[in-house]
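My structure is below; once you've seen it, I'll send some questions.
Should a chain be cited, it is by its letter among A, B, C, D and E, assigned in written order, with residues numbered from 1 in that chain.
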Amino acid sequence: MLAARRRGDWLTSQFFFVMVASMFPLGIGPDPNTLRMIGPGVVWVSALLASLLSLPRLLAEDFRDGSLEQMLLTPQPAVLLALGKSLAHWLIYGVPLLLISPILGIQFSLPAEAIAILMLSLLIGTPILSLLGSVGAALTLGLRGSGVLLTLLILPLYVPVLIFGAGAVDAIMAGTSAESHLSLLGAILVSTLLVAPWIAAAALKVSIE
Amino acid sequence: MLAARRRGDWLTSQFFFVMVASMFPLGIGPDPNTLRMIGPGVVWVSALLASLLSLPRLLAEDFRDGSLEQMLLTPQPAVLLALGKSLAHWLIYGVPLLLISPILGIQFSLPAEAIAILMLSLLIGTPILSLLGSVGAALTLGLRGSGVLLTLLILPLYVPVLIFGAGAVDAIMAGTSAESHLSLLGAILVSTLLVAPWIAAAALKVSIE
Amino acid sequence: MAINLYYYASPATFYQLSGKLIPWFGWSAAILTLIGLYISFFVAPTDFQQGEAYRIIFIHVPAAWMSMFIYLVMAFWGAIGLAFKTRLSFMMSRALAPTGALFTFVALWTGALWGKPMWGAWWVWDARLTSELILLFLYIGIMALWAAIDDPQRGDRAGALLTLVGAINVPIIYFSVKWWNTLHQGASIKPSGTSMHEAMLAGMLIMAFAAWFYTIAVALYRVRTLIIERERNSEWVKALTGK
Amino acid sequence: MSESVATLSVHDLRCTRGDRELFSDMNFTLHGGEALLIQGGNGQGKTSLLRLLTGLAQPAYGEVRWRGEKLARTSETYHREMAYIGHLNGIKDDLTPIENLRLAAQLAGRTLDEAQAEEKLCQLGLGRCLDLPCRVLSFGQRRRVALSNLLCSNAPLWILDEPLTGLDVHGVALLENLLKSHVDQGGMAVLTTHQPLSLEGANIHALRVGGPAQ
Amino acid sequence: MSESVATLSVHDLRCTRGDRELFSDMNFTLHGGEALLIQGGNGQGKTSLLRLLTGLAQPAYGEVRWRGEKLARTSETYHREMAYIGHLNGIKDDLTPIENLRLAAQLAGRTLDEAQAEEKLCQLGLGRCLDLPCRVLSFGQRRRVALSNLLCSNAPLWILDEPLTGLDVHGVALLENLLKSHVDQGGMAVLTTHQPLSLEGANIHALRVGGPAQ
C-alpha cells in the first residue's frame, strides 16, 4: 500500500511545515517573549491544520480512479485497509512534522526540554489525528464540498488532542510535570486505535455504495 | 460561471473560520492580554490557511471532469476565465471570512476600531490571496502531490499580504496610523489584479496541454 | 548583425562552445577564491567594532548578492524562453536554480552565524532576513515544480511563469533595509562610493568574482547535462555518444 | 486563401509526446460538407491529433489553419465555430443535465432557456433523468449529456473523440443520424472511433495515424 | 447446496436507485464454464446489477450467493475468487503499468515479480509503455492496463463492465480470446457490452435487464 509513495513528497511536506509555522511570527511580530509563550500552541495548531490539509487527498484520489473499489474487493478485511490508510497518512504527514518540529521550536525560541516534550507530545498525538482523520475522510468521500465538510466533522474531534498536546508543553514551560497530559494523550491514542479503523471501514463501505 | 455555486458551501466555510480561529485560544491559553496581542496575526494567518485549503478545489475538479478544456474552448479569452475563477474563489472564501471576522475579533477581545481596520485590511487583502492563488492552482494542476506543492509555491507570495495586513491592525492597536500599511496593500491589490490573471491564463494553457 | 544569434542558440553549437569555456571559468573561480580568502583572513584589518567575527562578511555578502542576481538571470532566461520559445534559455534557467538556492542558503546560514554574536540571536524576523528566506522558498518551489512535471516542455514553461511571478521579491530584498528600519545593515557599496577599508573592499569584490565564475562554470556544466538528456534522440547527440 | 471559406487545413504537422514521435508530415484540408474519420490503433496518436486541431495542444512542428489563418491568431472565431468532445465528458457531476447544458451555453456566450435544453435532452433519450444530478447517471447517460451539447451549439466544425463509447445501439444510431445531417447541411466533422460507423451517403474521408498497430 | 461447487446464484434480486426501481425478481444461477452477457440500453441497470454481484452495493431485496453462501458471510473467499473491472479503471495515474500491476497483486495478497508483470503487459500490447506513468497513456492503453489485472489473477469468476470500451479491433480480438479460453477452462464470466462480441463456441447465456429501451 505504501509502495506508491515517492521521496519527493516527503521533502515538500517538511518544507510545508516550516513555512506554515514561519507565518506566525510574521503575522504576530518578532518579540521573542510573545513567541515563546504561544510557540507550543502554534506548532500544535499547525499540526492540526496540516493534517486537515492533507486528509482530503488521502482517499479522494483512490475513490475517483476506482482503486478504492478494487481495494475493498481484495481478500483483506476493510479494517486493515482503513488502518493502512491511517498509517500511510501518518507516515507522509506526521513523521515529517515530527522531524521538523525541533526547528520550529528553535524558531519560537523554546527551551530544550520544552522541545523534547513537544516532540514527545507530537509523537503520541499525530497518530490520533491520522486515525480520526481517516474516519472523517471516509465519511465525506465523494460528497459535494467535501473538503470543508471534513473540517467541520473532524475539528471538534481534534480539540482534545490539541488541548492535551499543547498543555503538556505549556506545563513543562511553567515548571510543572507534563506527565498527566501525556498519559491522557496516550490513553486517547490507544482508544482511537481500537475504535477508529472499524468506524472508518464501515464508513468506507457506505460511501462506496 | 458562478451559477454553479450553492448556498451550502458558504455556510460551511464560515463555520470553518470560526473553528480555526477558536482553536488558537484553546492551544494557547485564555489570557486576554496575550490573545489581544496575537489576535490580528492569528486571524490573518487563518485567512491565509483557509485560502490555501480551498484553492486546490478551485480548478482541480474542472480539470478532472474536462470542463476546464471546454471553458478554454469558449470564445472568451482565457484571461477572463482566470479572473472569473479568482472572483469565484473570493466569493466563496473571502466574503464569508469578511463577514465572520468581527466575531473573531471579539473572541480575541480586540477593541472596536481595531476590528474595523481588521475588516478593512481583509477586504483589501483577501482578493490578493485569491488572485495569487489562482496562479498557483493553475500551475500545479494535475500534478502529483499538487496540494502540498501549491502551498510551497504560494505561501512565499502570500507573505507580504500577511505582513501588511496584520501590520495595519497592529499599528492601530499601538496607537499609530494604519494608513501606510493599507495603502501598500491597495497597491499590491492593483498590481496583482493587473498581472495575476494573465499569468494564471498562461499557466492554465500550459497545464491543460 | 554579423553574428548569427540563432547559431549560438542552437543546443548543438552551444554544447561545443560551453565545453571549451567550462575549464576557464572553473579555474578562475578556484584561483580567485584562494586569493579572496587570503585577503579576507590575513590582509584585511580587524574591524574596530565587530572584532574578528566580521570576516564572515567575505562569504556572506557575495553569497547574498549572487542569490538575488542569479534569480534575476533566471527570470530573464525564463522570459526570453516564453517569448521566443528557445529551448536553450529554459535550460539555462534550470541550470542556474540549484546554484541560486545554494547561495541563498549560504547567505542565510552565514547571516545566522553572524547574527548570534552581533544581535544575540540566530534569527530575527526582520524584513531583509524574511525576504531572503522567501527567496529560498521560491527557489525550492520552482525546483519542486520542475520535479513534479514529467513533460520537460510543460515544466519549462510552468517554471518560467513562476519565476517571473517571484521576481518581485528581489527588489523587496534589496530595498528592504531602506524601506523598513531594520536591524540589518544598509548597503555600504553604492554607486556614489564606499565607506569601507580598501582591503576589505578588495577581498569582498574578489570573492564576489569568484562566486560569479563558479556560478557560470557550474551552470554551463548543468546545461550540458540537460542538453544531452533532452536531445538524446537527436542525430548529433547520437553521433557524440555513439563514437 | 479567402477568409470566407470555412476550411480546416493542416500543414506538415508533427506531434511528439515525451521523446516519442507520434506522426509527422501530416497534411490535409477539410471543406464544408466533409467528414474525416481518423483511424489507428490504441496509442497511435488520434487523441493527440484532435487536441492539436482544437488548439488545446501546440504542435512540435507545422501548423493548423482555420479559414486560412493560424489557430493562435484566430482563436476567438475558431472557438465560436468549433465544438469538441473528448474522452472526458466535461460535465459537472453536481448539476442536473439541464443545468449542465445551460451552463455550457452561458460559457459559450449563447443563451438557452430551460425548455430548449429539455427538448435537446429528450431528443437524446434523457427524458427520465432531467432532474437527477449527473453524478448518479449511468455511464452511457453521461456520455449522452455531453453529446447533447453538440445539438445546442451551431458550430460548423465538430471534433469528436470516440463519441460512441458507452452508447447503446439506439444511441449509436442517433449519433450517426446527427452526424449525417450535420455533414449534409454543409457542416464538417473530424472524429475517431474503434466501432463500425455507418454513414453511407455522407462525404467521408479516412486518415490513418501512426504506423502499423504496435 | 454443496460448498465445493463454484456457482454464483441470484435469488429474487431487486435493485432500486433513488426512487426508481431498476429491476426486480431476478433469478439466475451461473456455473463453471458458463458466461453471462447482461444486455440492456443505457441506464437500464447493468452496472447496478454487476455492483450487486460484487458485493460493493447491497440489494434492496433478495440475495446473491457464492458457492451457496450469502456474499456478506463469505466475502473473504469470494473476493479471492472474483475479479471485477468497472467503468473506472482502478489504476494509479502516477505509477507505471508495471508498478500498477504489482501494487494490485500485492493488495490482493499475491506476489508478482517484475518479469511476470512485464510479460502480462506485453501480452496485452503494452510493450512500449512499460515505463511511462499511466497518466500519459492513451485511453485505450489505460483500459488495457486495467484488463491486464485479469491475466494476473487466477480468479474463477470475472465480472466485467463494458470491458471493450476504448479498445481497438486488435484489443477486442485479444479480449475475446481471453474470455473464451477462460470459460473453456471452467471459469465463469459476467459481462456487459454494447458492442458485438463474438464468442462462438463458448457456453454463453444472455440476460436482459430493464424493460424496453426508454
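Keep this in mind: contacts are C-beta pairs under 8 Å (C-beta built on N, C-alpha and C of every residue); 3 or more make two chains touch, one makes a residue touch a chain.
Note that the structure is a prediction, hence the values are computed from the model and not measured.
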Computing the C-alpha centre of each chain, which chain sits at the greatest distance from chain A? D
Which pair, C-D or A-E, has more C-beta contacts? A-E
Most remote chain relative to chain C, going by C-alpha centroids? E
Distance between the centres, which are taken as Cα means, of chain C and chain B, whole angstrom: 32
Taking each chain's centre as the mean of its CA atoms, chain B sits from chain D at a distance in Å of 38
Quick one: chain A and chain D, Cα centre-to-centre, how many Å? 46
For chain E, what residues touch not just one other chain but two or more? 87, 94, 135-136
Residues within chain C bordering two or more other chains: 130, 137, 140, 144, 148, 150-151
Flagged in chain A as touching 2+ other chains are 6, 8, 12, 15, 19, 26, 29, 64, 144
Where on chain B does chain D make contact in their complex? 1, 3-4, 6, 64-67, 69-77, 208-209
Give every residue of chain E touching chain A within the complex, in rising order. 54-58, 76-77, 79-80, 82, 84, 86-95, 99, 102-104, 106-109
So in the complex, which bits of chain D are touching chain E? 17-18, 40-43, 46-47, 87, 125, 127-129, 132, 136-141, 144, 162, 165-172, 194-195, 213-214
Of all residues in chain B, which touch chain A in the complex? 6, 8-9, 12-13, 15-16, 19-20, 23-24, 26-29, 34, 37-38, 40-42, 44-45, 48-49, 52-54, 56-57, 64, 144-145, 147-149, 151-152, 155-156, 158-159, 162-163, 166, 170
Which stretch or stretches of chain C touch chain B in the complex? 82, 130, 134, 137-138, 140-141, 144-145, 148-149, 154, 157-158, 161-162, 164-166, 169, 172
